[in-house]
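Two complexes are shown next, each including chain A; its partner changes from chain B in the first to chain C in the second.
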Partner chain A sequence: MRLSGPAVALLALTLLAGCPQPMPDITPEPPVLRRLTAAQFHNTIGDLLGDDLYIPEGLEPDLRAGGLLEVGASKAALSPRGTENFEQAAYVLAEQAMAEDRRGALVPCTPTGPVDSACAETFVSEFGRRAWRRPLTDDEVQRLTGVADQGASTLGDFYGGLEFALAGLLLAPEFLYRIELGEADPTGAWARRYSDYEMASRLSFLLWNSTPDDELLDAAERGELTQEQGLRVQLERLLTSPRSREGLRAWFADFLQLADLDDLYKETSVFMHMSDTLGASAREETLLTFETLALEEAGDLRDLLTTRRTFINRELAALYDMRAPARDGFAEAALDPDRPRRGLLGQASFLSLHAHPVSSSPTLRGRFLREVLLCQDLPGALADVDTSIPPVSEEARTLRERVQRHLEDPSCGGCHRLMDLPGLGLEHFDGIGRYRASEEGVAIDASGELDGIQFDDASGLASAIHDHPDFIPCAVQTFVRYATGVEERQDQQDGLDWLSDQFALRKHLVAELVEDLVTSPLFRQAGTISEEASP
Partner chain B sequence: MTRKLPGRATRWLPVGVERVPSRRTVLRGLLGGAAVTVGLPPLEAFLNASGTAYADGCSLPARFGLFFWGNGVLPDRWIPQSTGQGDEWSLSDQLAPLADVKHLISVVSGTEVRVVNEIPHYSGAAGFLSGIAPLGEEGDNTFAGPSIDQIIAAEIGGETRFRSLEVGAHPGAGLSFNGPHSSNPPETSPHALFERLFGAGFTAPGEEPVIDPRLGLRRSVLDAVMERIDSLKGRVGASDQIRLEQHFDGIRDLELRLARMEEDPPDLAACLRPEEPILDEAIASLSQRNRLLCDLIAMSLACDQARVFSNVFTRPVDNFVFPGMEDGHHRLTHDEVDPQPQVHEVMVQIMAEVAYFIESLNRIQEGDGTLLDHCAVLATTDVSYGRTHSLDDFPIIVSGGACGALRQGLHYRSTTRENASQVMLTLIRAMGILAPEFGSGDAHTTEGLGAIEL
Partner chain C sequence: MRRRAPLHAHLAIFSAAAMTALGCQPQGSEPTVAVVSELYFASEEPSGVSVGFDLDERTSDENDTGGCGIPDLQDPEGRAGIDNSFASVLPALELTEGVAVQALIQAAVNSGELLLMFEMDGLETWTPGACVGLSVLRGTGEPKLGSNDRLLGGQTYDRNLDAPHHAIDCAEITGATLEGSPFEYRLPLQIFDEYIDLTLLDGVIEIDMLGIGEYRGRFGGGVSVQEVKDNMAMIDGVGDEVRSLIDTVLNTRADLQPDAAGICQQISVVFEFTAVSAYLFED
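Let's look at the complex of A and B:
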């Protein structure tokens, strides 16, 4: 039988999708300790002790490195101040956990008196396994039981003593860091792999942004997570749980650097719609869009850029000049198909973060598009250049006219054209994302260009990013960085390219990307512990 | 207000040193303005832990502080026209708010920060404060080595309840670094700072410390945690070992602090428990926030809670819109057309905060002089000319006597583009620390800046 060209291609595609080639060999990263991020600490405490507890916040700021807080977590040391804060927080938590109405849920035995070593030991051993994400050794159990006994006899109170053992578990590096160091691979497939308990942590923090539950730890204990079949079973369970939304939202928020919305700073005399809650509202809009379209409805990730559907509350409806879709909270709303606002780039989160306190900024917006959404390297800003922008004048009234210098001056233009030409496409939106047809009485010209694609306004820019060949590889690279906590090495590029190809075959469904990564060597294979300090 | 006099023997008094009876005096109010009667203990009481007097016969410990603002200056209007000592020089337009403390400051101009100017603002901040260019990783802005406050804290921070204090009115992530990716986040809330310094765990002079059996138990827990860190250290890579050592040091400091909570407080005449500051929601301006923080820091020094601090008023690239301005500070420095009248106005506002900061230390009487007499204070920024990010002719103000180690009332202008690191080495040595050098590469120096030394 002879097949036509397109039919061969189709067959090849089907075969590829059906029984994909495995990821090419990669050189695995040396393992590093990952400090729990602020969100992971919060979620983990909630899972361990109850989410109605008062959980102290702001103990230690997260650090962004390689574009992500999750990479910073592999580099940041714990500051002395953070150590002090965690110590105080541990007792605030322990006291609540051992309160009369709550202790029963955590302590599986009834003490026979103020000092009951056997009961303390049971608590340390059972709770310790959940807190440290692995079983404790006998020595470890004995050491912390000793702390509990000492406390109980000093205070004359069994539960008072347990508070100190609990604090000891929460202050230990086994709790505050994710210790995933790998083990020799007995199957010989690789030199080293992540162990069963380490895989439990890796899965759980990636998918739920929190600590493994008992079922996952039990699967680790049975040795199932180092086996592909067992891994897939648990992956399926975690991914189909509603809790996976939390974990994948955390990735998306880290990707778009939405944590910075906590510190959104705008001059209220210029932006009437600015408020203390606007940053949080804007973040929720973006995350609901991602959660609904990319996860719940299993849509193409790229379509987040061009969708006319969004999710807003009253505050954002006022900012966008729309009817509020719900009296309280967030609800879906449709954007006007004839206006430039659509997709992620039309949302207040992006538009307000990448702007000045009193105005928009084509440069900052263009830089974010290139560096974060397309993972392109830009030259750094120059020292020793005159950067002044002329004031509003008869000849130059709009910002576009005033920054024209940046584009024409050869010393500025090379780099500024890269940023400003795409960024100018968003000039219909002011510094917090409100639509404006004109500036200083002159109609806005929002035309621009991105890597050879000309567009008239933000809607055209959204399509240009949607179709840009760098967008999907960039999203994949960021996801891998997020999942592994390290910046990929040069010799892992083949693995990343493979993931991007798979992602395209699977119609850019985020859940498929998660599955492809989690079952690949990039996630399961461990490198050798590094003897050399990296900066 | 009555106080118990004298306090019992404390760690300030080595065994065998006899306490001389105190004299009483009346000090003008420190924070509230009310007259208060406090005991002035004898100078002999101010001995360090090993029983020797402090550097150069100074009877009080030397303290170090940094005050930092972001985005540089307008050099033409910041640097004084004339040089010399006392009346030989006059303040510039932008330094005018420092008129009342002119005799207490030395302005240093003409030196340069000798690092490659690769990362605008952060090359200068790291280059001057740590003597090393920052790590050039994307968006990380991390210092490659410790900042001057931590270099000094490593030597003298162990004597006090807090190794160092970090505050700031609008500081971002702060500029106090222990090493790469290891920073000390600043406190921005005066109320939270008050709770930390003067809340539970603080004992004012003459008060009985609280004896709490839980303190001993908390220390036992920290012992167990240190064992865990130690055992983990042998299994991790080299970078993680450094991180774990830093974590370990933090725990050990904390344990020492818990131990000290059961000791009697040092008997310090100038130490008064300050009034609780207003809540953050009631703070009306950046200036008010800074001044509340300055007052608390000054009193924490007087109470010997810490001897090293940094106050980052605004961060590098800070885009705060100062009162009366049309745009954020950073943007004005770049976009405003010459002669940048708004940038000038912002500089005058910032220099008024520097003046308040110096006055907050000078207002507290201590021994035969003021708290400032026993401090070495550095006020500086991240670039020289904000518009161009230049690092030559760097703006530096030094204040405080550092127990007789530093000259004051001077404008020194380097005519040979000396290395700005020399100022740092002078400041470190003014703390009584025998440091052979500061900085690395072109920024390295083994010499202080003789012109500002006594």
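Let's look at the complex of A and C:
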């Protein structure tokens, strides 16, 4: 059979896409211990013990580092207060799990009496493997079985004894921390690699934001996750599971720092549409936009910046002054093509988070664009510089006119121009994201500039970020940080560049980025353990 | 066309920005919708002065039998002939019931029981003298309130298909105001512990554009004295003394539509309102 010219070209492209050049050699990061984030703790408990348990909240605050909670997790110590909270939570959870109507699903054997070491040992072994994400050693099993037996003997109740063993499992560092230290690579390909069980944990927390399931642990037990073929099989299984939406939403939420919406504060006398539920609604809008356009429809990640499609409830529809698409819950809505609101930068999550409690802020918005979306470094404000914005006056009524002082001041202007000139493009939106045509009776001028690109309003700014050469490398860098829990080193830049190039070749599809990273040395290769790397 | 009080200068803050925003709407776009967020009886304050309309096209004094001897008021700009006789009844009513009627009306607005809405078709070009289709309807829903304890703008409601609907084919744009007549509408108002219908007849409505999605306005008309009496008679718990007092007040303050015997059958009523942008579910 002869192939036509276009068919040959298509085949060549397919082969090229299917057989990319491998990632250049990188120096792997030293392994770190990552404490489960609050969301991961919650999800993991749900997976292990059931979704309907009462799970105490606020046990220990998450820490943000390198722009991400997931990186902060590798730097977060456990405070004495946090330790007490986790201990208390462990007992609360264990008591619920061993309740009469629930324990049957958790304990795989029927005790022969108040003390049944064999049954306790079976529970500790089986449940322990899921909780600690690896098989327990014989010593660990014996120690925890002993705890169960002693408790059962004292209480005269087998399940009462198991409560102590279960609490011990949930209190252990092996549960609260993701212990991924690597092992010597027996194949000699690398000096060190992450072990099969560590890969199970890395995969599961990346894609499901929760603990590995039995199938993944079984694959680890069979040694499949250190082999590329086996790794790809499990990667595909996890990615095609509906649960991957939750996991990748967690990345996107961390990327855009959406957890901060939990503490959103705005002065309600200034912003009438502010409410206790606005932060949560705004977060869901952004995550649904990501989930639907980037994951479900496999769209170009950059298009999230410029899309006129959004997903809102009645509260957000009122804020945006548009008809609600549904009476209850969230539904898709089309933004007015003649208005500047579009994409992520037109959403209440971004607009409200990066503003003051009583006003918008070109500086905060511009700073976020530079630092988070473009991964550019900005100098901090000088200690002895007055950063306050002049009050409204006859000469300076709009915020643009008032921040002009910063732009003209030689000690502030250099940095403020970097932040304010793009940030001013969003001045059509007030401090919670409601559209306004004027401020203090003066029509808003939302023109601005970003790295040589002039624009007239937020819509133009969205295009400027969409096309900015730093956006995709920044998204990739953030994703790698999220997946590995560490900030990249300079000598890993080639690896990041390779990922960015691959991402572009694959039309910026998030699932492809996941695959390229997970199968790359950046995710699989472990560095040498550093004493400074973890708390 | 009956003479109306012109737009009050302090209400006519129709900014260029708002004009621009309205102009942004494409031709043939869907109607602009607003919902009343504040509704209250126009009061006579100071004495002899009230917002309102010259509903009977005459300036009455104590000797004018055509106005049943009820002197007309002046509007705040000094125009004579303003009919709002109910303004003098309201204090007596509030004293009788012991509850602020205005607060009850506002509570009904805030709870969503009285969602009075305007649908304005053809507003987008804002051409002076142009015809705008103006529909007055009621919505249903549970509105969210802002920190000012008033309905938030931009909310979406369902049409209340059981409530009256009034359409004015050609409301006219004058300056920053949309003026429409004849305006007739039946409003359910909580006067005592129950709702009574107040049907405005042969009235006028004016809506001032204040800015994007912000409106202020007024509407007035005649209310049948007999209808009010009949409604009052159906309300339990109103004592004979109170009913008699209200009858007397209504009889003595009726100022419109005198019958052959010279007894006025209607009393003039004026409401003021503020409104905010709103939407209606399509299905």
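Keep this in mind: the second predicted complex is superposed on the first by the 512 of 535 C-alpha atoms of A that agree within 3 Å, B and C clash if a C-alpha of one lies under 4 Å from a C-alpha of the other, contacts with A are read in each partner's own complex, and residues count from 1 in each chain.
Convention: a contact is a pair of C-beta atoms (placed from the backbone, for glycine too) under 8 Å apart; a residue touches a chain by one contact, two chains touch by 3 or more.
Remember, it's a predicted structure, so these values are computed and weren't measured experimentally.
After superposition onto chain A, the partners chain B and chain C occupy separate space and fit alongside each other.
By the document's definition of touching, of the two partners only chain B reaches A:265; chain C does not. Of the two partner chains, chain B is the only one touched by A:144; chain C is not. Shared-chain residue A:63: touches chain B; no touch with chain C.
Shared-chain residue A:298: touches no atom of chain B or chain C. By the document's definition of touching, of the two partners only chain B reaches A:172; chain C does not.
Of the two partner chains placed by superposition, only chain B is touched by A:356; chain C is not. For chain A, the partner with contacts to more residues, out of chain B and chain C, is B. Of the two partner chains, chain B is the only one touched by A:82; chain C is not. With both structures placed on the common chain, the touch criterion links A:99 to neither chain B nor chain C. Overlay on chain A (Cα): least separation between chain B and chain C is 15 Å.
Chain A residues in contact with chain B (one complex) as well as with chain C (other complex) do not exist. Chain A meets chain C in the complex at residues 268-269, 272-275, 314-315, 317-324, 327, 338-339, 435-438, 441, 443. Touching chain B in their complex are the following residues of chain A: 30-33, 60-61, 63-67, 72, 75-84, 87, 91, 143-144, 147, 150-151, 154-155, 164, 167-168, 171-174, 179, 181, 265, 267, 356-359, 371, 380-391, 529-535.
On the side of chain B, the complex with chain A involves touching residues 117-120, 123, 135, 137-140, 142, 144, 163, 166, 173, 178-185, 213-214, 216-218, 220-222, 224-225, 227-229, 232, 235-244, 246-247, 249-251, 253-254, 257, 319-321, 326-328, 331, 334-338, 387-391.
Residues 15-18, 20-21, 24, 26, 144, 146-148, 152-156, 158, 211-213, 277, 279-282 of chain C are the ones that touch chain A when the two sit in their complex.
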